[in-house]
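By written order: A, B and C. Residues from 1 in each chain.
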Amino acid sequence: MTTDTPLLTAQGLAKYYGHRLGCRDVDLTLHEGEVLAIVGESGSGKSTLLGLLSTELAPTAGRVAYRMRDGETRDLASLSEAERRLLLRTDWGFVRQHAEQGLRMAVSAGGNVGERLMAVGWRHYGDIRSEATDWLSRVEIAAERIDDDPRTFSGGMRQRLQIARNLVTRPRLVFMDEPTSGLDVSVQARLLDLIRQLVEEFGLAVVIVTHDLAVARLLSHRIMVMKSGRVIEQGLTDQVLDDPREPYTQLLVSSVLAA
Amino acid sequence: MNAPATAPASSMPAITYNFAYLDEQTKRMIRRAILKAIAIPGYQVPFASREMPMPYGWGTGGVQVTAAILGADDVLKVIDQGSDDTTNAVAIRTFFETTAGVATTTRTQDATIIQTRHRIPEAELKAGQTIVFQVPIPEPLRFLEPRETETRRLHGLADYGLMQVKLYEDIARHGHIATTYAYPVKVEDRYVMDPSPIPKFDNPKMNDSPALQLFGAGREKRIYAIPPYTQVVSLDFEDHPFKVQAFKEPCALCGATGVYLDEVILDDKGGRMFVCSDTDHCATRQAEGHTGTMSAPYAAQPGPLTPSPSPARGEGGNPTGIPSPLVGEGGSRPSRETGEGFATGESGEAR
Amino acid sequence: MPNTAQALPAAQESCAGSRLGAPAAPSLVRDTQDLLLSVENLAKSFTLHLRDGLTLPVVSGVTFDVVAGECVALGGPSGAGKSSILKMVYGNYRIDAGSVRIADGEAFAEVAGAEPRQMLALRRTRVGYVSQFLRVIPRVSTLDVVAAPLRAEGVDEETAKARAGALLARLNLPERLWSLPPATFSGGEQQRVNVARGFIGSQPLLLLDEPTASLDAANRQVVIDLIREKKAAGAGLLGIFHDAETREAVADRVVDVTRFEA
């Protein structure tokens, strides 16, 4: 278990926006089934890091490698655009904070879920529809909403739809950017629980960016604390939260109620 | 298609335009875009669309393409929704008569260049003919992806799942693919293309056509093309295959079947008729003696609703005489269910 | 001392099921095979950066072993560092110095400086923990909360739930509560859910942090029985027992933590 090849590896990752630092000196490995939380305040570089890992941003320095479905580990910078896109819509998912960035708001729920299937060549309407129906039920959206577009959905439903849309191709790695922020507490709890269940059921590897330590506590195995563009502390989630070492981490932990 | 630098003096108007309005440099620029478009079937080539003396939406793209390929020997036909004599068609035809002095025609077979809005003529196009489509929105993915940078990338990668989503949405909302015009096609198994707002009825005519098909979008500044004998396939689902519209009755004037029909409202009591959208086709058939259920009264008294010249003018007029007993028998409007009118038209042809 | 290979069928199973695949070979040193936990010169202090870097020493030089079949109690007054030791063994607190080694099949796994995923694997198969407080997961039923460690070991859902139910019944938790999330339960009820969750797994080493703190006498007795059964099955237990009665009932020996005062 400890010897198998990681799914995702980052080495010496850095990103500068001109002279301004996004993040630097980031190394990490992620294995199948592992949930890694990246925490830190706004501007700490956590979203930049997520962008670098998910190939949405090009690093200024360093590299990211991924073990593809065929078992070969590839430097992501060496992928052609077509390969990169295929990876993004089959083996990866990306759940965004704002559903309108992760969904097609003018397309029905079924179309949103079916898009990835159609993109990988599904051409049978009935099959696409039954797969979409199945996924809507997994994320607790009633089947009769399949033809409604997400503009008519509540915030929590939109996030659940986003999850279904991403997981329909059974990805092995899912990036999440503050998936629960901006939702009511009760809605948040339901969503977190759903994510937790799906992560377990499908053995997903997840990189989740959050500023909410309670979210990190509930979902993640490991945690990385970022400050001013650098990882200042990392380790087992309960260890970092229960025995924080760095001054900043201690401040973070002491600033929240019962994380 | 050779464009001489000067037009025949006989047809020059008081104001001197360059032949076919556009200056030669502009035409060259457009021709280069056209050549590139032909070389990459279905690919949208950007071009420096000019201001034309007509508003966007009136066919400025098609007019520029036509202007660029028009030669003094060409015979031009211009149609709008199949009709040679609607305002738009007349205006553009007059425009080229004025600025280029070329011969014009309404007969599909006689034309070397056909500029069209929203239709492909019923008569099969021949090798050597060029059809120029006016295109409002050339990007078939625009409905779902507003970013041009992204749609270009999607075309580059032949990443067309999105297009399928549009068809999925149709079936989800209407139970069948409800897109009836501007129905997306895949050209030579590579680029997905918007065929311009022609009815999907015309889509199969684009496949393997002997004619050169050019598309111009003036406002969007794009030109694309389908070279002769190119594979053009309409997108669909395995369990919802592409189907063209079927009409349950023949043309009320010429009895034609298997053609695209327009509905014409006759009165405010629900009276209506279905007639060929292609006026040239309809007129030709009527001239050949074909009749429909309503041809007699309307042929006798051409009213404003009669979209075509009276068949009586045709040389090979109906050998049986116009007030055919069959038409009289038909007196009532054709039943769309039984295709009664179909029998009428065919019997006329049999004679 | 019972032979581990016979007395710990569950541990044997998880070893055979591991990636190594080979059946457990006879150990070279029998004592080593019985040894489940070895703590050596463990030290811990907290630096409170929010209070100008104030350093609170907790323990140092902590050294003791736990072998199969015994229950070791950590003794000493509140604040002596008992919980901190337990948490270091579980990887919950960082280890400043020294070593914590947990038997892991043929070898021993070092907890100090372990990679998170190594530690998680150890928790799944080698070391369990019953804390005083239940960390409630929203919307997850009591039965699922208790069955989770078995599910993580690879036991099928039906079996895991059946065993969870049996354990909850033994701890006198009314069946009508099983389908509810334990968030709204009383302290005693939550404690029993917690005990059930801790005892259901087949980890050969079990850490107990005041497992009977808020239980009545009847349920305390159930926990005592559970501990004895674990011992009989060859597990090793390391615990903090607030009440002397329970401690005397289960502990084979007491490690006095005040000896390790930093």
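Throughout what follows, a residue touches a chain if its C-beta (ideal position, glycine included) is under 8 Å from a C-beta of that chain, and two chains touch if they have at least 3 such contacts.
Small disclaimer: the values here were computed from a predicted structure and weren't measured.
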{"item": "Per-chain Cα centre nearest the global Cα centre, belonging to chain", "value": "A"}
{"item": "Chain whose Cα centroid lies at the greatest distance from that of chain C", "value": "B"}
{"item": "Mean-CA-position distance for chain B and chain A (Å)", "value": "49"}
{"item": "Centre-of-Cα separation between chain C and chain B, whole angstrom", "value": "80"}
{"item": "Where chain A and chain C are represented by their mean Cα positions, the distance between them in whole Å", "value": "32"}
{"item": "Touching residues (chain side chain C, partner chain A) in the complex", "value": "18-19, 46-50, 87, 91-94, 115-121, 135, 137-140"}
{"item": "Interfacial residue positions of chain A with respect to chain B in the complex", "value": "81-82, 85, 89, 104, 106-108, 110-111, 114-116, 118-120, 123-126, 128-129, 146-147"}
{"item": "Chain B residues touching chain A - in the complex, by the definition given at the top", "value": "144, 153, 156-157, 159, 161-162, 164-165, 168-169, 171-173, 237-240"}
{"item": "Chain A residues within the chain C interface of the complex", "value": "1-3, 31, 34, 189-190, 192-193, 196, 217-218, 221-222, 235-236, 238-239, 242-243, 245-247, 250-251, 254"}
